[in-house]
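In order of appearance the chains are A, B and C, and numbering begins at 1 in each one.
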Amino acid sequence: MGNNGDKLLEVKGLKTYFHTQEGVVKAVDGVSFDLHRGEELAVVGESGCGKSVTALSILNLVPDPPGKIEEGQVLFEGKNLLEMGDKEIRQVRGNHIGMIFQDPMTSLNPVFTIGNQIREPILIHLGLNRKEAKQRAIELLEMVEIPQAEKRYKMYPHEFSGGMRQRAMIAMALSCEPMMLIADEPSTALDVTIQAQIMELIARLRREKNLAVMLITHDLGVVAGVAETVLVMYAGKVVEYAEIDRIYYNSRHPYAWSLMRSVPRLDEKRERLMTIGGSPPSLINLPSGCSFSPRCPFAEDICDGEEPPLIEAEPGHLSACHFAMDFESHGREVTS
Amino acid sequence: MDSLLEMRDMVKHFPVGKGLILSRLGGTVKAVDGVSLDVAEGTTLGLVGESGCGKSTVARLMLRLIKADRGEVIFEGRDILKLVRKDMQVVRRSMQIIFQDPYASLNPRMSVGAIIMEPMIIHGVGNREERLQRAEELLERVGLQPEHLARYPHEFSGGQRQRIGVARALAMRPRLIICDEPVSALDVSIQAQILNLLKELQEDFNLTYIFIAHDLSVVRHISEEVAVMYLGKIVERAEHDTLYNSPKHPYTVALMSAVPLPDPVKERERQRIILVGDVPSPIDPPPGCRFHTRCWKKQDICSEVEPPLEEKAPGHLAACHFPENV
Amino acid sequence: MPDRRDPDDLRVGKEQPELHGPEIEEFEIELEKGRVHGRTALWSDVWHRLYHNKMAMVGLAIIILLFLVAIFAPLLANHDPLYSPLYNPDVGAAEKAESVKQTPSWQNWLGTDQLGRDIYSRLVYGSRVSVEVGIVAVLISLLIGLFFGALAGYFGGWGDSVIMRSADVFFAFPTVLGAIAIMTVLGPGLINVFIAIGVLGWATIARIFRGSILSVKENEYTEAARAMGGSHARIIWKHIMPNSIQPIIVYATMGVGGAILAEAWLAFLGLGQQLPLPSWGNMLTEYLDFYTTDPWMMFIPGLAIVISVLAFILLGDGLRDALDPRMKGSI
C-alpha cells in the first residue's frame, strides 16, 4: 500500500477501550495500517467511528482513565511509541510528529500570544535561544502565508480569524520539521472558501517537505482532493483500505459504496439520494457479527452471525465484508 | 407563480457590545443590509453563504424572532411585521422553522409527545385526544414510531431528533417552513435521510421551503431557486441549474470552485480559484462592492460604486459590475 | 434498492445506550462543529446516579437523621433542656455542686453543663434551631435571588444592570459585618437571624440563576417556542426554569450547611437564639469558656455543627455530580 517511500508509521492491531459507567466503549477495536514517508493517508468515517481516538492513541494521548490502550503496537521508525516512557515520547510529539486539531478556537491558549505558542515547541525541541526561536517562528508564520508576520507574532488568538488560527496551528505543528503530520478535521470548522485555502496550504507544505500526512475527516470531498490512500472506519474497525481511486470508484464494501451514493454532489443533481437506513451503532453494545449489517442493504444471515475478517479482496485492496467481491448481488429478500 | 412570501429591503444592524450607553458608540454589525427575496408556493428557495453573511439573521427576521430595523415581510398578502400580536399568532401557524442543532433544538426536559403537541397547546387546537392522535400521525409520517411519544430527546440519535423537529414544525399544518441548516450537524449517511424526508413532505403537503445552508451541494440538491449572500447582501440569484452551470458573480464562482467534489479524478483535473484573504468584518464592510477586496476582477469602480442586484440574464440576478459568463 | 424497514428501532430505549453519550463525546474530537453535548439528566437518572454515590448517601442519611431529631425533639429529649438544679430550691447545696459539669453517664447521656442542665436534651432541642435557620434562611435567599435573577436574566437591559450592580454591593459586604449591621437594626432575636442570613445570600443565587438563564435563553428550543407563538410566561416556566434550576439546587443544598454555620458564629457574637434557650451556636459559645477545665463539653455542639454542615456539603457535591457529571469541578 502507499507510495514507494519507506515505512514511517506502522499501526498494528490497535485497540483502545474506554471504561465507563455504562460499560466498555470499544472506540478502536483492532486497527492496522501503514504510512510511508511523503504519503497522504485519509482516515474516513462518521462520528463515533474511532478515527480521532486512533490519532490520539498513536501519540499516546488518550486520557487514562477512562481510556486505555489495551493492545497493539504503534511503530514509528521501528520503535513502539506505546512502550515509550514519558520523556521519550515527548521527544516525538511536536518534534517528529506534528498534530493539528479541529477547532483552532479551543486548541490555542487564549492567554499567550501566537508567537509565544509557536515558539514553544522550538524552544523545547530544537535548543535554539529565544532570539533565534523568535526568528524561526516568524519565518514559520510567513511560510503559512500569514501576512505581516512580525506584527502578528505579538498578537493573541482572539485577534486572529478562524482561518488564520488554523494556519498558526499548522505553523506550530511544523515548527520542528517533523516527518509526519496528523491533521484531525483541520478544515471542518471553517468556511468553505477558507477550507480550500487551508487544504491547499497543507498540500503545498507536504510537497515541499515530503511530509507524511494522516488526514482525519468525514468530508469525502476534502479527501478526494488530497489523499493517496484511504482507510475507512466504522464502529471502531477498519472496513476498507485501498488507494483512493479504488475506494471512490470501485469500493468493495457496502458502507463506502453506499456512502458515495448518498452524498449530494455539486456537479450533479440526483432526484433522490440513496440513503443508509438507521444510524451508527453504540460502541458499548455492538451487534454481533458485522457491525454494519443492521444497515447494510446487501446483508445476509451470515452477516449477523459472523464478523467478517479484513481480507485482500483485490491486490492492495482490503475489505471487511463476507461478500467483498460481489456484494451487489446479495441481500435478503426484503419487502419495501 | 405567486410568491407566498416576499421580503423587501430588509435591514438589521446589531450594536457592537451590549450595555447602557458607552458601548453602543462602538459601531454596528451590519448583519442584513438591504435584502430582498421572494419564494413561490410549493417551491424551495435555497439561501447560501458562509459564516457572517447574515443568512441565519434573515431567517429570524422573517419569523419576527428579531425585530427588524427596516423592511417588510409580505406573507399571504400582508406585511407581517406590522401585525399585532393576536394576528401574528395566527400567522405563526403557517410559518415554522427547523433548526440546525438537533441537540439544542429540543427541550431535554420535555417528552417527545409534549414537544410535538406544544404548538397545538399554544394555539388551543383540539382536545387532548385529538392532539395525541395528531402527534402519533406526525411521528409516523417522519419515520418514527408512536411509542416514541413517551421518550425523551436524549434517548435518540441526531438524525432522529431532527425528525422530531420536523414533526413539531408540521404540527400546525404550515404553508412555509424555514430550514436553518437542518443537516449541517448530521453525519453524511443521515443527511440523505433527512433531505429525502423533506422532499417527500414537500410533495405531499405542497410545502414551501426556505432552505438555508452553507453547503452548496446540499442546497443544489433540494432547491429550485438559489440565492447567494455575502456580508449582508444578496449577490446572486438564479434557478438552480443555471446558477451551477453558469454563475455570474465572482463570489459564486469562487464559492463553487472551493467546494470539493467527492471524485478524485475530477479533483485532480480541476483548476481551483482560491480566494486570497479573509472575509472582511461586517462591522466595517468595504465600500462599493463588498466583495472587491477579494475579487480578482476588481477595478476602480468596484470600490466606489455598489453594484445593484439586477437581471443579467432572464430570471438570473447578480450584483456585479463585471459579471462572469455573460 | 430495496428499502429496508428503518432499523432506527435499534436505537430506542435504554437497552442501546446512545452513541452520543457524554463518555464518548468527551473523547471524540470530531464533534459536530466542535461542540460538546452533555447528556442532561432527568430526575430518575439523577436519583440513580445519586444513589450510587456513597458519600452523598451518607450525607443524606445524616440530614434525614437531623430532621428527624429536630421534629421529634420533645420525644427524644429525656430531660427538660432548661431545667437547672442550681435554680431549684429543693436541691441541696452538695447535690448542686455534684450536678454540674458531669461527664456522660446513664443519667445524662452527654453529661451536664455548667448549670447542671442536661447537654443531650439541649443538643436535641438545639437541632431545631439549626434546621430552622438552615431552611428558612435559604428559602429567603431563594425567594429574593430567584426573582431578581430571573428578571435580570430573562429581560436583560438596564434592569439587568441595576440588579447585578446591587448584587455586587452585597458581595462587597463582608458577611459578618453585614449580619451584624442588619441585626443591629432589627434586634438580636432568632427570627432576625433568618432574615439577616437570608437577605445576605440572595446575591449569589441571583447571579447563578441569571447565568443559567442566559445560557439557556439562547438555546434553539427556546427560539422554537417563540417561533410557535409561546408567551413569555410559558417560555420561562416550561423551557427556561427546568433547565436552569440545577446549579441552584446544588448551591441551595450547600447553602443550608452554610446557614447552620452562620448561626454558630452569630451566636458567638451574642446574636440569634438567646439563652437560656439552646442552640448549637450558643452552646458552643458557652462551653468555650470552659476549654481549660472541661474541654469535652465544647466538642459536643461543635461536632454536631461540623457533622451537619459536612452532610450538606456531601449531599450538595453528590447532587452536582448527579445532575451533570460534566459539572465536576465547577461552581
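Brief remarks on what is shown
Here is the rule we use: contacts are C-beta pairs under 8 Å (C-beta built on N, C-alpha and C of every residue); 3 or more make two chains touch, one makes a residue touch a chain.
Please read all numbers here as calculations on a predicted model, not as lab measurements.
Summarising the inter-chain contacts, the pair of chains with the most C-beta pairs in contact is A-B.
Summarising the inter-chain layout, the chain whose CA centre lies farthest from the centre of subunit A is C. As a whole-number value, the distance joining the C-alpha centres of subunit B and subunit C reads 47 Å.
For this pair, subunit A with subunit B, the centres built from the Cα atoms lie 31 Å apart.
Counting partner chains per residue, subunit A has residues 47, 218, 274, 277, 279-280, 295 touching two or more of them. Across the assembly, subunit B contributes residues 157-160 that each touch 2 or more other chains. The set of subunit C residues that touch two or more partner chains comprises 6, 8, 11, 18-20, 32-33.
Residue ranges of subunit C in contact with subunit B, taken from their complex: 6, 8-9, 11-14, 18-20, 32-33, 35, 37, 39-40, 42, 156, 158, 161, 219-221, 223-230, 234, 238-239, 242-243. Within the complex formed with subunit A, the residues of subunit B that make contact are 50-51, 157-160, 187-193, 195-196, 199, 214-218, 220-221, 240-241, 244, 254-267, 272, 274-275, 278-279. Residues 18-20, 60, 63, 65, 88-89, 92-93, 95-97, 99-101, 103-110, 118-119, 122-123, 143-145, 147-148, 151-152, 154-160, 165, 168, 172, 184-186 of subunit B are the ones touching subunit C in the complex. Of all residues in subunit A, those touching subunit B in their complex are 46-47, 161, 163-164, 191-197, 199-200, 218-225, 227, 244-245, 248-249, 258-260, 262-267, 269-270, 272-277, 279-280, 295.
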